[in-house]
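Okay, got some structures for you below.
Shared chain: subunit A. Partners: subunit B in the first complex, subunit C in the second.
Up next, the complex of A and B:
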């Protein structure tokens, strides 16, 4: 068991400048391998907790990213340019003017993948004797078709093409009792309190899987909307921007836009999503703390066993004049190596698993499909490596293992050399 | 060798290394206590999910006319005799309500919204969130009340207030549209703006008069115990023949799916916690065996059977685990008592609402869950001791004693 110790430490080619430190480091590393099984078991505990945090956090990151992407691509975009008060009070007269200028600005940004201009209002939709409230949205079909997944959600008929076309959510169409070709009359409040009206023929039916949208959504062309709701040719409620990469959101939202408008990043458009993730993370964080505590106890235990087994040796070192503080340093270095071993093991395991999953994705069971649609999750989950979790895991394990040494070290310092030497194996 | 003797041997061996085993015990206590505590929150969350599903006008069981769920409207309604009562023993029945619930359009001078117009008998609504919602103004007086009771979020959207009039358009029993003005009696504050935007309440009899009908569109029943559902359902099916009778799990499939997922989450947490613990446990047990190589050699030499060696190691592990589990459960219970006011999640309010929780989660500790944690931990304790036990059996008496 002690073979490693028989090799002279000095035979390692060490930088003479840091000789003393190197010898200590080498000694700690060798001490670790006097009982390989114990070292592996303790390191596995550390590896397990690192894996649990980094892996779950990375999976969450991936899922969260996919949810944002799905929501952005479906309808919301990454950034919306709105009237400054529109978000808190979506009143009809909180409009943006000079839309075409903004579209030009936005289209020239390298981060932007697509733009869409929208105007919307709640309205009363009627077909025959039936009437329902709905959210009528005027869109530019050419713009939407470029990036929005909405056109692909058509389950019957086709998406908007030109003037006179109307697309309805599936529940709304069923409630109104209309199908393709039927006419729907919309009544609402136009600008300055006038009556807004439009009568259009249904050309397509949408199913998004989100009950609220399917029950209320009606889309028509922006020109039809502007005509019906008496908007000017350059007025709208939102300019929706889809970005190539989600991480550019803050930069694009933060750049100076025209006067009288404000850029809203998706974090403001769907604050519930941000909060849900924070909530999930705090749960995982709490869990990691508990696991870290368990692992620290097991590291304390390991060092208790180590000093118990080395009582005689430690007594000898004390008798030869080594101070308690020096022996404590040895234990700290050993704990450091143990932690490095454990965290590397954990990160390697996490890396391999994540690499496999990022190729194939984690398929979700069929039974959860409905839930996934509601939370806008994709069918397969892909991880996104979390450097933040890596730092948290590694640093907390380093601190935890160093703290774990304190109790055994205190025992070593109290040890009386004579008694320790007298102890039988 | 008798079991009692093995027991004494194991106990003494544990006490030989008090500090080391105390550390191990502490780790077990943290794991078991932590799992118990986390489980109680998952259960609290689960209960919240069901309560909010049942509260939001669903009830445990609901009766509809066929086709109403796909195409809600007053034409898909049914008649409930004035003297009808659910034939359920009063211990099981918490309450019931017959309602009209139809889509409608509501308009203020400024805005138009689509809502669900619900005609209720306020005296029956103790079973839904309406019964204990905070409100400003007045609640509906009785089923003849012609005023409306509106959610705060909707009032904000419509830019109106208590005492003002709103116009409601909906379809009558004859298929023609009805349009009438309603005065706002009061504004309710439900937990979560989803409900506040969706439901507008008025008196049931008043609404029936407006729609020219004597019928209702739903009967909702709330039980004191979810488990009694199936017998009540068959009773309802036989009375309301030709109608649909559904439980909350069918009516709120998303919540039911989350509900089931929470059951799985409990096992996942347990597995992770114990995964972290098992390394330390095996580590200690192996050391305990390897330290005693000589002793085991001696015991074998004087005739101890290999089986007894295994039993001894397993007993050692089980004793440690049992005391850890007992203490851990106590710690978990104490933590739950300490948090009995509930954990305030209101800083994440809308995220919490998105997953169907309330902003304060109250931990709920169930005996069955504690038994489960205890049982699985003991199984784990035995499984973890198998490798060390096998190591102990492998010790050859002669070699061991020569060391």
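Up next, the complex of A and C:
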């Protein structure tokens, strides 16, 4: 007793208050369950926000990944080794040399699943009285067969097998009025302004689902192309690399390659896909912000109700000696628990759903098949879990709920204990 | 030898209600010595609760000074006032005002936790005080599981476990029957006589007044009568 009486107030203010943290944590958690329905409702709002962001981001990750993979497997690859100026100026003489050395170099990389050498040029394709412009590509049929989906796009005839074979896009074949076995003559510009010419028999017609390709594409063997367009045996326009994982694209593109070539990642080869992904993610981000704002207002409302209901109790805590800052901390801790509850619920639901979908996939309706082909999407979508979205969702909910409590907590901090204690229950 | 715990000098408290000034306290002088058991009586609106609030640092006088244990409350900011209440004053409220989500034992430990008392010492002191008040079997019960009398005893335990210089009680018997009130007052008397706890209780209840050694009556914000014995 004497010790308490003799203790000056100034020194009391310096006493450690760490013991208060435990009781504030316990108070915050238990207070949540004084009104379970309201707690579950508010936590559900937080859970929905977390679910919405993480689930949709993960599904989009999977979708974008599938689109990129489909596009890469069909034609473009994840990385292309080109002449440094070829992307901006696809002139015929922007060639890469020592292709066999580059193929050997690329094939030894563990990230690389397959390589394909290609040379290409625009040409005038003629059959009988009809002539149309097209994109003629020389490919190695064996390399393409390993990983490219182009051979599987054949709708009539067969894919390239050897010298003299020609495959046309379905619309180009229709425009030229040719079918399997018909001969097509191609005229173009070879190296150093020479005339490039080839006459080959159509062995197959393919349909990619992309109008531009179906209207212009013509494929022949690389040897036929080199002969007709007068390229050297070790020259081509692109070495196309397919990787096991899309995430290795930057690393493979960024490694040192031979002099006189440059590695282009798919992000440079398909800038429109990058823009589409960014656009979709911007929309997603905006939607999440809107939902988060609604959740913040819901938390504000919850805590305004809490301090209204517990005014007398909060006044009593002040009367017993709790500082204004501790009382404010008390509410922030309660909001923290609410956020932990909501985010845990949201992440658990998201995890379960994504786990189920990662096994079974999300089937797309038959009516969207044409659209899927155009956008190179698979028939089933599989999620790819986004840790980044998880981080963003949890941190933004933590910050959002803490900001939401600022106003109610400020009111509590300013509360006069004598007035609070007068309030009727 | 003069050893005042409470010193009130010329304290007035004026409220404004609907733009009309209400004089809840008018120039009150009061000194309470250590170890006294004082009752503040008077009709409703006489100023007894206001005086109790001013002494307890829950309200500030419009004019005049209040000192507790030698510390002038007028000089303290809100945080310092909170610290003074935490360390020097115990409160017993009319409606018990226990924290409903904490058990009886946790309620008793609460103020010690705010003070930063270690866990082992807290547990021991809480167990001792609950036992001395006959509540040793009630420690794990929450307030809603206790009777009114038991809740008020827990509130007293919470108020005195930190051995404050002053115990303030605002209508401590208002919600209790006469038997429970008698038990509570016996308890307060024991605390006052054996532990030397200084008690100031605002009350309407003649039974509480009869237990107090010093009875002060207020009327219209002024001390009308101050008698001992």
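Keep in mind that, in the parts below, the second predicted complex is superposed on the first by the 405 of 425 C-alpha atoms of A that agree within 3 Å, B and C clash if a C-alpha of one lies under 4 Å from a C-alpha of the other, contacts with A are read in each partner's own complex, and residues count from 1 in each chain.
Following the convention adopted for this analysis, a contact is a pair of C-beta atoms (placed from the backbone, for glycine too) under 8 Å apart; a residue touches a chain by one contact, two chains touch by 3 or more.
Because the structure is predicted, anything quoted here is derived from the model rather than measured.
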- Applying the touch criterion given at the start, work out whether A:304 contacts subunit B, subunit C, both or neither, answering first, second, both or neither. first
- Considering only the touch criterion stated at the top, classify A:124 as touching first (subunit B), second (subunit C), both, or neither. first
- Per-residue touch tally on subunit A - higher for subunit B or for subunit C: B
- Message: Quick check for you: in the superposed arrangement, does A:274 touch first (subunit B), second (subunit C), both or neither?
- Response: first
- Of the partners subunit B and subunit C, which touch A:133 in the superposed model: first, second, both, neither? first
- Message: If we overlay the two complexes on their shared chain A, which of subunit B and subunit C does A:398 touch? Say first, second, both or neither.
- Response: neither
- Query: What is the shared patch of subunit A, the residues that subunit B and subunit C both contact?
  - Reply: none
- Message: If we count contacts the way the header does, which residues on subunit A are in touch with subunit C in the complex?
- Response: 1, 3-5, 7-9, 12-13, 15-20, 22-23, 26-27, 30-31, 33-34, 312-313, 316-326, 416-418, 421, 425
- Item | subunit A partner contacts - residues on subunit C that touch it in the complex | 34, 53, 56, 58-59, 69, 71, 76, 78-80, 82-89, 91, 93, 95, 97, 99-102, 106, 109-119, 122, 158, 162-165, 195-196
- Mind listing the subunit B positions that touch subunit A in their complex? 17, 19-20, 23-24, 26-27, 30-31, 34, 38, 70-73, 103-107, 110-115, 169-171, 175-177, 253-254, 257-258, 261, 269, 272-273, 275-277, 279-280, 282-284, 286-287, 345, 348-355
- Where on subunit A is subunit B touching in the complex? 37-38, 41-42, 44-45, 48-49, 52, 91, 122-124, 129-134, 174-175, 177, 188-189, 215-216, 271-279, 286-287, 290-291, 293-295, 297-298, 300-302, 304-305, 308, 367-368, 370-371, 374
